[in-house]
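Below: a set of structures, written as structure tokens.
Across the two complexes that follow, subunit A remains constant while its partner is subunit B and subsequently subunit C.
== the complex of A and B ==
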């Protein structure tokens, strides 16, 4: 056998688990989902082809359609910006202190270690009408606040998610910040550059690949957020697209309708990712010298 | 590496600082003051990060009445350890849930790690056009929204009458994890090809080379994956939520969620739930501390997004 052919055969052999996994649990569901999005299917009988009806219904009749996407965007933007900005700020601070770096990193990561359901129960007890935060407010003589009512729910969920999300950002950003060559920062010192301009002109370009990766992953993840909303509620004030898809699929068993909804989210993810790669990609690769 | 394209960089850094000694001491003082300020900021934020967890821990020792009292106290007036006992007796299924979760952790972690090692090895050491194309596909799979695959997957599992079994929660692991495949591949690339070729000369097949050369060189990365995968499955809630219906088949997260919905006079048994949360967090924290020593060596994203 020719060496090149042998390489390809061996390559296929080793990646075959992924090929099987991707075909069965990635590619096939995607295609099937696209097919179902043009069908009416309620888990009984066969899917009935109805053309674009699901999409037409979604855009014209679905009561909270635009609301779900507005909520998704608000939640995604708030959590992404807050966790990245704070995570970067804390990474720079932790990096510049001489001792206890590991200690602070661990402390800041602690919220991220809590299992999902434990975090949920923790914040549920915080935000409840007779919960801990209202107890503290009561001590201060302040009236109870409904943390999960229409006005406050989104803020409450964002606070909870940011609290849990900062640690993960520091885990990724701190090594990147630490890898910025000290000589470059010092040579700017001699020029009398202040901390901010050092940060903007040296640190930021150097860590931009990591930052960009985190940004993309956050956006993709944020556009699919539904966990906190499902667990803590907030009704229409916090309902997101993916939560609505979950409800339609798992509670109402409107599989075709839910698939169409899901594909709209997918297309949105694609568009946003492409835009970010178009605009962000260039700057990042320059700095990386790639 | 490329230097930053900043005009300030072009200025030659030759200008001697005047009064070198004073300026040195001044700089030292400034650094000290700066450090103290940073420590104070970091400590204050650190307290904010830990506070909710601390409140959770202390509240889990309060009596039901004290928990719901109008006045909030940080520490319990009487320490009620029976909240923790109540966790174990709260449901006849409690130990089954723990057992189910452990089965899920072991099977998933073994399967997923094993697949990821094989796949990453394929991508790292058998370079061809096809590999480059498929690797892009692999990276793109991280972009597929969960909702897109969730709906049809559920339909198929339901038609196969395999919902409420372990299979929908186990078989998807066969493809490995895209993120860790990426990480392992970076690691494996670092192993010099000369060593691989020398072993080949000695008659070691590619599979033997994987286990004798590649895997021993990737132990920190593999251990990181094992620990974090185990941690993820220990806390997994949203996956089992879709597929499991019978309480005796629940994992621990679903079980606790069932307890969460039980109320007396519209009030949850919050101290017990918080005690359960604390108990559930302990294995996660243990795994984290186990993994954290390996973490710094294992994960490096220096290649950036393009890899």
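== the complex of A and C ==
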């Protein structure tokens, strides 16, 4: 066997566990769902090719099609901004204290350990008409507030998601904040810079790769959100594109229609991600100059 | 190099093996035993026939079933091995997947509201001949309403006639109106407890009487929070709504087209009455399950099934527990008949491609007989076989609890007149409930004056367009397939 062939075989051997897994459980379902998006398929018999009919139906007949995307963007924007800002704030605060860093890091990360379903049920009981939040408000002579009615549902879901997501952000951002070179901060001290200037001109650029990574992941995750809405409801005020896809696929078994919906979401996520990479990436500072 | 090459090849092969194994394990069921059936082996331990039963039983129910299989079924049929499998996700999605992949179980849990596509696409085995030749279960023992639930005629595309495709394993329907006498005044009791034929079951109220009671019985504290609910439905609001429509002589869909009837003024009147009652009872913020608080005396009326008496200790209310038929639109001498709704129950169907059909039927007839007697003794679900209702539940020598005997008698009467209603070939019950659940809360907020986003006409329009979309898609699919 030639050396080059051996190298290729060796390479394929090393990557084969991932390659086979991705092909079977990632690539094939994706390609098949693209095919199904052009088919009528109710999970009986074989998919029947109907061309662009599912896409036409979605754009012309789907009553809440645009509403689902509007809700998705509102949820994604609110959760991304809130978790990143609060995560960064708490990371800087924790980094500034001389001791008990690990303790606070653990405390903030605890909600992320809680299984999603359990966490959501916890919030459901807290948001209830006779839940603990309304109990506290009642003792203060306020409320009751219907946290999950049409007017408040989106805010309530965002608060819950931020609570669950902030720990993960701190875990990623705290090491980045701690790794900011002290000599640069000290030189700014000598120049008489205040804390805000140091944060904006040194800390923020130095942690921008981590922030950018978290931003992209949050955007992708936010655009795929459906769990909180499915668990807590909220009707048209909270219904997202992915929740509609779930409903069409898993309850109504309209797999072709749901696949078409999913591909529209995919294209949208792709566009948003590319835009952020194209324009947001320029602001990211890489120490090695990349 | 040669050595490392083989090492790598081994790793690659192992990974392929693992992935393929995952595919097999994740693929579902066995596809029906794998061997041709030989009835002579059912009574012996040699050459066991495997029967897979796929259901959405919970863990505890499944454990009890497993125990019963080991203690009784395996003794009677040592040649049959029953493999019990329960669903951890969306049950009917999994079943569709299994059929599509050719790995469906031999016996499948089947709801009347979901059966249409399975029979339309010829996935299920007709059971008529099996019952005709059964020595354990006779057709006469099975409640007449079972025929409405599971008979289907493909030539006319109608339910209630044609071949039998499934049999109900028990009747756990939320078919009766329970009320707590202690919370009602004398005048109110006179309305809800009116019993012309003196059979212990309240005659159906009119919608007007019912909705007035349901609102009059609400009590609130100084802050306006409800402390006593007038009426909460059972666990399945949409199903109870369907029952109200049926009792108004209406349906939520047009049987000729499959489209919804939510643009029909008569239907909208019923919807308006139903959701107004729920909204005034603060339904969308009340606990999902009303039975525990009914037992605690915080709910005056609820819709429930026989299982509530055991599971939620309704019989603990003793003489305060009242039972009535669901309300009707008008109450004249001719139209006092209330139709209790029955499609909340689950039955057995046999996979047409199963290679263990006869063995599967052995299990089904055993189950109906064994658990029919058990259910009758426990007074939990109503037994699938009528004979056990008569011989055990209503027998004062066996069922010595007078309250429970009275409740069982009520359900016995209700099942005799019960009907399976509102099946739509093109839109499943679950789909309808999904749409209803998504938007009903907003309608009720509007009724309570908390928002103005969702008037009844808009709500009806959403339900109509949601169902129309599905009906159109399914019809197109069915017609394209020929």
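The definition used in the following text is that the second predicted complex is superposed on the first by the 280 of 290 C-alpha atoms of A that agree within 3 Å, B and C clash if a C-alpha of one lies under 4 Å from a C-alpha of the other, contacts with A are read in each partner's own complex, and residues count from 1 in each chain.
The working rule: contacts are C-beta pairs under 8 Å (C-beta built on N, C-alpha and C of every residue); 3 or more make two chains touch, one makes a residue touch a chain.
Worth saying up front: this structure is predicted, and the values here are computed from it rather than measured.
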item	value
Clash-or-fit label for the pair subunit B, subunit C on subunit A	clash
Contacts of A:130 with subunit B and subunit C, given as first, second, both or neither	both
Touched partner set for A:122, first subunit B, second subunit C, both or neither	first
Touching partner for A:177 - first (subunit B), second (subunit C), both, neither	neither
Contacts of A:84 with subunit B and subunit C, given as first, second, both or neither	neither
Partner touching more residues of subunit A, whether subunit B or subunit C	B
Partner chain in contact with A:149 - subunit B first, subunit C second, else both or neither	second
Subunit B versus subunit C as contact partner of A:216, first or second or both or neither	first
Which of subunit B and subunit C A:259 touches, first, second, both or neither	first
Touched partner set for A:50, first subunit B, second subunit C, both or neither	second
Touched partner set for A:10, first subunit B, second subunit C, both or neither	both
Among 58-66, 130-138, 400-408 or 436-444 on subunit C, the segment whose C-alpha atoms clash with subunit B after superposition	58-66
On subunit A, the residue positions that both subunit B and subunit C contact, one per complex	10, 12-14, 16-17, 20-21, 24, 41, 43, 128, 130, 138, 249-250
Subunit A partner contacts - residues on subunit C that touch it in the complex	1, 4-5, 8-9, 11-12, 15-16, 18-19, 23, 90, 92-93, 96-97, 99-100, 117, 121, 123, 223, 225, 282, 285-286, 428, 430-431, 434, 437-439, 441-442, 445, 450-451, 453-454, 462, 465-466, 469-470, 473-474, 476-477, 480-481
Subunit C contact footprint on subunit A (complex, rising order)	1, 6, 9-10, 12-14, 16-17, 20-21, 24, 40-45, 48, 50, 57, 61-63, 128-130, 138, 144, 146, 148-151, 233, 235-237, 239, 247, 249-254, 257
Subunit B contact footprint on subunit A (complex, rising order)	4, 7-8, 10-18, 20-22, 24-26, 28-30, 32-33, 36, 41, 43, 90, 93-94, 96-98, 100, 104, 106-111, 113-126, 128, 130-132, 135-136, 138-139, 163, 166-167, 171-172, 175-176, 179, 184, 187-188, 190-191, 193, 197, 201-202, 205-206, 209-210, 212-213, 216-217, 220, 223-224, 227, 241-242, 245-246, 249-250, 255, 258-259, 261-263, 265-266, 269-270, 273, 284-290
Residue numbers on subunit B that touch subunit A, as the complex places them	1-6, 8-9, 11, 13, 15, 17, 34-35, 38-39, 41-42, 45-46, 49-50, 52-53, 55-56, 59, 68-72, 115, 118-119, 121-123, 126-128, 130-131, 134, 137-138, 141-156, 158, 171-176, 181, 206, 231, 234-238, 242, 253, 256-257, 260, 267-268, 270, 273-274, 276-278, 280-281, 284-285, 288, 292, 295-296, 299-306
